[in-house]
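Presented below is the structure to which this report refers.
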Amino acid sequence: MEYKLIKLEKIQEFINSLIATGKQVLAPKQKKEKVFFSLIHSFEEIAMDYIQTAFSAKSAVFPKCEELYTFEKNGKETILNNPQAPENDTIVFGMRPCDGAAFDYLATFFLKENPDYHFKMRYDNTIFVGLTCSSGDEFCFCSSVGISPSDTRGSDLMLTKTENGYYVEIITEKGKKLVEQFANFFEQIEQIDKTKYVANIQKRFDSSALKEKISGAFDWERWEETSLPCFGCGTCAFSCPTCTCFDIQDEANLLGGTRYRIWDTCALGIFTKHASGHNPREKQSERWRNRILHKFLYTDEQFGILSCVGCGRCIRNCPAELSIIEQVNAITEG
Amino acid sequence: MARIGVFVCHCGENISSTVDCAKVAEIASNYPGVVYSIDYKYMCSDPGQNLIKEAIQKHKLTGVVVAACSPRMHEPTFRKATAEAGLNPFLCEMANLREHCSWVHFREDSTTEKAAELVRVLVEKVKHNEELFPIKVPITKTALVIGGGIGGIQAALDIANSGHKVIMVEKNPSIGGKMAQLSETFPTLDCSQCILTPRMVEVAQHPNITLYTYAEIESVDGFIGNFKVTIRQKAKSVDHKACTGCGLCIEKCPIKKIPDEFNAGLGNRAAIYVPFPQAVPNKPVIDRNNCTYFLKGKCGLCKKVCPADAIHYEQEDELIKVDVGAIVAATGFDIKHSDFFPEYGYGKYADVIDGLQFERLASASGPTLGVLKRPSDGKEPESIVFIACAGSRDPAKGIPYCSKICCMYTAKHAMLFKHKNHHGKATVFYMDIRAGGKMYDEFVRRAIEEDDVNYIRGRVSRIYEKNGKLIVCGVDTLLNSRPVEIEADMVVLATAAIANSDSEELAQKLHISYDPYHFFSEAHPKLRPVETNTAGIMLAGACQAPKDIPDTVSQASGTAAKVVALFSQDELTREPLIAYVNNNTCVGCFLCQSVCPYLAIEKEEIRRRDGTLVKTVAKINPGLCQGCGTCVALCRSKSIDIHGYTNRQIYAEVSALFNRREYAGV
Amino acid sequence: MSDLINKTSQFFSSGIIDLFIGYKKGRLGEGKPAFFTKPDQLSELIFDENCIVNLAVYLRKPELKKYSKIGILANFGTLRALLQLAAENQITDGQYLILTVADGKVLEFANLKAIEEYVANNLPKPNPERLALLKEIESKSREERWDFWTRELSSCIRCYACRAACPLCYCEQCLVECNQPQWVGVPPTGLGNLEWHIVRAMHLAGRCISCGECEAACPMEIPLGLLTQKLNMTIISNFGQIPGTKREPDYALSTFKVDDKENFIR
Amino acid sequence: MQEFEPKIVAFVCNWCTYAGADLAGTSRIKYATNVRIVRFPCTGRIDYMLILKAFQNGADGVIVSGCHPNDCHYTSGNFHARRRWIVFNELLELLGFDKRRLFFSWVSAAEGAKWANLVNEVVTEVRKLGPYTEYEKLSKINVNSIGELCNV
């Protein structure tokens, strides 16, 4: 592994150069009370000082409204057009280690068995620049799900803020290439001990105890009681870095149209509603259960990884203040 | 898959002179789903219709678009042809190439282009058309007539004489209504009762008419052909089957000073009474509000004297349920009384009376036996002032409309007075004289010219009393607005005709609409003047608006004709272009209820097999819905749709509007 | 607070209620929705001006069907929502035990009529900050307004949290879920998003009880409550009907006056 | 350059404006070809979403027309429609929607000439405004965009 340093005053130039060379830079940006990953046009727009963004950066590889293909009528023929890969790289700048781990999960989900054309197209073109957490809040629980606040999983480059500037770990070839392309902003540096720059994220629950209980938790009798405050807004899933559910929608007229892939969520009743009108997940408690089990059991069974990275967004964003931490603890306690 | 046929009509040269019909047909043949497309000189001609019929069968068409004239013109023609070829008639649509295209544009490319697009819009619509079948509603061939005045009587007799059953409900103890109170009628001056009472008797004796007097409408449910009506038979306290009508009870009743409604308060009656000598039925009822027995629990004289043992104090109101197919509202009107007019003394001068009181004074059967005596002292007046438009046409009084009957009856009153007192002085204050009607203007002229009635065009500002005379202060606008003062012994106000005080309540029970003055609203002011918006409920007489006797009788006969026409069929067939509800998605908010002009939206309970309630949803009563679709656009969850203009149909039309590439035949 | 807890506790012990929906302390000290099924849980029950979530939204949850009688601690928005729900045939008089706290006193509403009276006497004035914001947007040019909303609405991810949080969005099938025809574009394009927010605003026009939950629930910080607020103001000033103040239907869009005024029909 | 020909759609009620347009036809009053009429039973049936759908489908202008107040075939459909339009109009105003392209009118069955004039006026006014690209652009916003916030 190689290590670099980018001085505080250089980081601005670096970002602006990325933009100047036509790269799409997705970085945290303030809107009212919250910080969102947004396409930025200059470094000033970036909010560097934040604990967690409201939403993850998953839209970089899984946009909320993605063209799968377009179709048009030509006489009796129908012509299909597949979308082309974006010409320029995308840089996801400043994501937290939990999000990096989430991109790792997304790559597993979309690419492991039948690689998803659209995801791959974007994923291959995206460089992930992580940022070590120097602080956390009471909703951060990455350490409870086996991720550390300085984890480099899923990142191409990993930045850690130090007194002298950002300490850069070059994790992948992709990351290395980027550094080489913009070499004049980086200084050579020896490996350092990151510990003192890294936040201490407490364990909020006992993952091994959870693992014991979760496989039998489908029939747990407290789902209804613990999920009563949930009114099914779905913000937890939309803001979740690992939620991948989507819906396919066509928009067409007599001449042609587009097939879109859009975000969806198991929190909505219509998510599982059959054409017959029957809904196997009739109640919100059943949908809530599905979400929890999906995070802590189903993907574990399918891919051997939890699909919760402990980012805490679902707790911060919940209008009814439901907490996945409290939920997991309730399950563990029985 | 849709198999649509397009038939482009030249309409001689009406369409083809500006639209290239052959090209439209050719373009249409390329529209998705169109399997047959042809143009022809006259589609509506027999050969043209045959062309359509043959194509339907040969090409197994599932939808037909006739591109010709306005559907308002020939839609029935082509739907009939479609049906004759074995295709449901509602699978035929028309594109309006003549009125909306060829006639309004010049011959240019854009005209043909528009024609082709209009065809495409209808092709896309017809793909979503569904087979529809006329709605059949069974009809109960009994009519309910509410109100036993001349309007109700005429309607009831006409219907009954056509062989149908009639139930008549009258709230007073006798039928006859306002007309029974009149002395003579304009413009012939024949005696009102002489022409009315034979009709009243006919009603009572008619085998097809069931009469409920002293009864009111409690509730009305159902719809055209199938109304369920509950009648409240008020307790008469007299068994009319046993009663012989001997009148002994009335004679012996100790309470005799009750102001007599029939005589407009100018006479008295007993607590047990028959409203007037020719009443039908001519048997008494007890006015419980004034009867000592009911007020104090003592007396019982009438029961003691009754030779037939017909007095039943314990009688209670009875609710009678009847099924009827049509309802005629003939509830008449009321008049404003003289106490409504501060400028005329708020009713404090006994000799300022209203028109109805004058009728009673002039009537041979009235309290003065036809001798005009003024109420205050019984003196025969020498000078009477008649004031027309007392309240009417006066927005300040809240009555901006014309009461219509006053001009004529005021002339009549003046004449009656002059005929009884040749030397008397009759003065009429008026705004305009509205004497439109057969022999009406002649009648007014007779009053002025032959009977020497003094007509003054102007309003009366004030009446006051001086030396036992009423001084009427007015103005003569035809003489430079000169103030005039007339000394009168009596003043007769032609007070405004108004809706009955309970008309709003009745309208709500009947689910019919009413105007701001609480007169019932007709379905259309010109073309459907006797029907209401609620199918199966019709109007007769002054409950709709002030009317004189000839107008009332004409309307009553018109209404009867509507009822009889309805009853001439066993089932009612209606176009199925009405709204319907999707029970699965309706959440039962019922905000749609008040948007329906026909009150056709009802509640329906959805239950499981075990009877437990799942939810309550809206239900469109197909008997009442007229198909405006206002509820459809209102419904948030799109749970209401309307046949013929479904959401899918209209959406398809809008989506097909502008696709220029398609026009080019790509 | 002890008065509230005592009273509620009595309702439990006397068997009047078996579920109480109220608030407990949330992460920032504000009230968060809480469900109490036993009197001993009530020590956590709170109520103050920071209890802003509209609890009426929960009444449609099928999970609540198993409770025989539910008590609800209603803030002002909840009270108005209850009236509007009654007017829309969704709840019935006496179905719920309805409490509020006013001037430190616990009020139990005998019936919906009592709520009507309470609401009528306590209707607040519109928030001046919101009015100023609305005014600011309205004072922009037509193009600037279009630009403003196009930008704001482009953030919409179509999570429908606004719908889920609204006590009056209780349709079993939302219009956006109708796909024959598809009235509202589902993909979150600028077009679909505009259509959704127009539909939402129009469906709440004359029904919105101004609790602000839609905007509070929006994870994207879109000022979408301004749309409903504007339409409500239009309705109140044009037609005089105030949603959520009557227990009987009085819906501005299913009633009319012959002399309703407009200035744009040719 | 060829003059811009706006695409106009008219949503009209069957009883008044549709009949009025028929009358314009029988009276042979000429007007611009740009308009396409869609027939509804009543203005009360006209869903405001259809107006938006017309713009989405390429209309440069939309006319909505029905019976004059008090003339509704169904007595009150147009009164209800008018209320909806008042509210809808306010919403469009706040949104900055280009209302110059949306026309409401009352045209009775006897007003063939009024109909023809209305169409001509609308076509002239919309021609001046040019093609309605602002609305068309909406359908591209957010497509494949990777940012969370404003993607305009």
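Here the chain labels run A, B, C and D in written order, and each chain numbers its own residues starting at 1.
Please note the rule applied: a contact is a pair of C-beta atoms (placed from the backbone, for glycine too) under 8 Å apart; a residue touches a chain by one contact, two chains touch by 3 or more.
Just so you know, these numbers come straight off a predicted model, no measurement behind them.
Across C-D and A-B, it is C-D that has more C-beta pairs touching. Here the CA centre of chain A is 32 Å from the CA centre of chain C. Inter-chain spacing, taken between the CA centroids of chain A and chain B, is 69 Å.
Between the Cα centres of chain A and chain D there is a gap of 44 Å. In chain D, the residues touching two or more other chains are 48, 53, 57, 76, 80, 84, 139, 142-143, 148-151. Residue positions of chain A touching 2 or more other chains, listed in rising order: 31, 36, 54-55, 64-65, 251, 253, 260.
Shared contact sites, meaning residues of chain B that touch two or more other chains, fall at 584, 595, 634, 647, 651, 655, 659.
With chains as nodes and touching pairs as edges, the resulting graph is complete, every pair of chains being joined. Those residues of chain C whose C-beta lies close enough to touch chain A in the complex are 26-27, 32-35, 37, 53, 57-58, 61-63, 155, 157-161, 164-165, 177, 185-189, 213, 216-217, 219-221. Contact residues on chain D toward chain A in their complex (touch as defined above): 57, 139, 142-151. Looking at the complex, you find that chain C touches chain B at residues 88-90, 170-175, 178, 180-181, 183, 203, 249, 251, 253-255. Those residues of chain A that touch chain B in the shared complex are 73-75, 253-255, 277. Partner chain C is touched in their complex by these residues of chain A: 31-34, 36, 54-55, 64-65, 138, 224-225, 227-229, 231-235, 238-239, 247, 249, 251, 260, 262-263, 265, 268, 270, 282-285, 317, 319-321.
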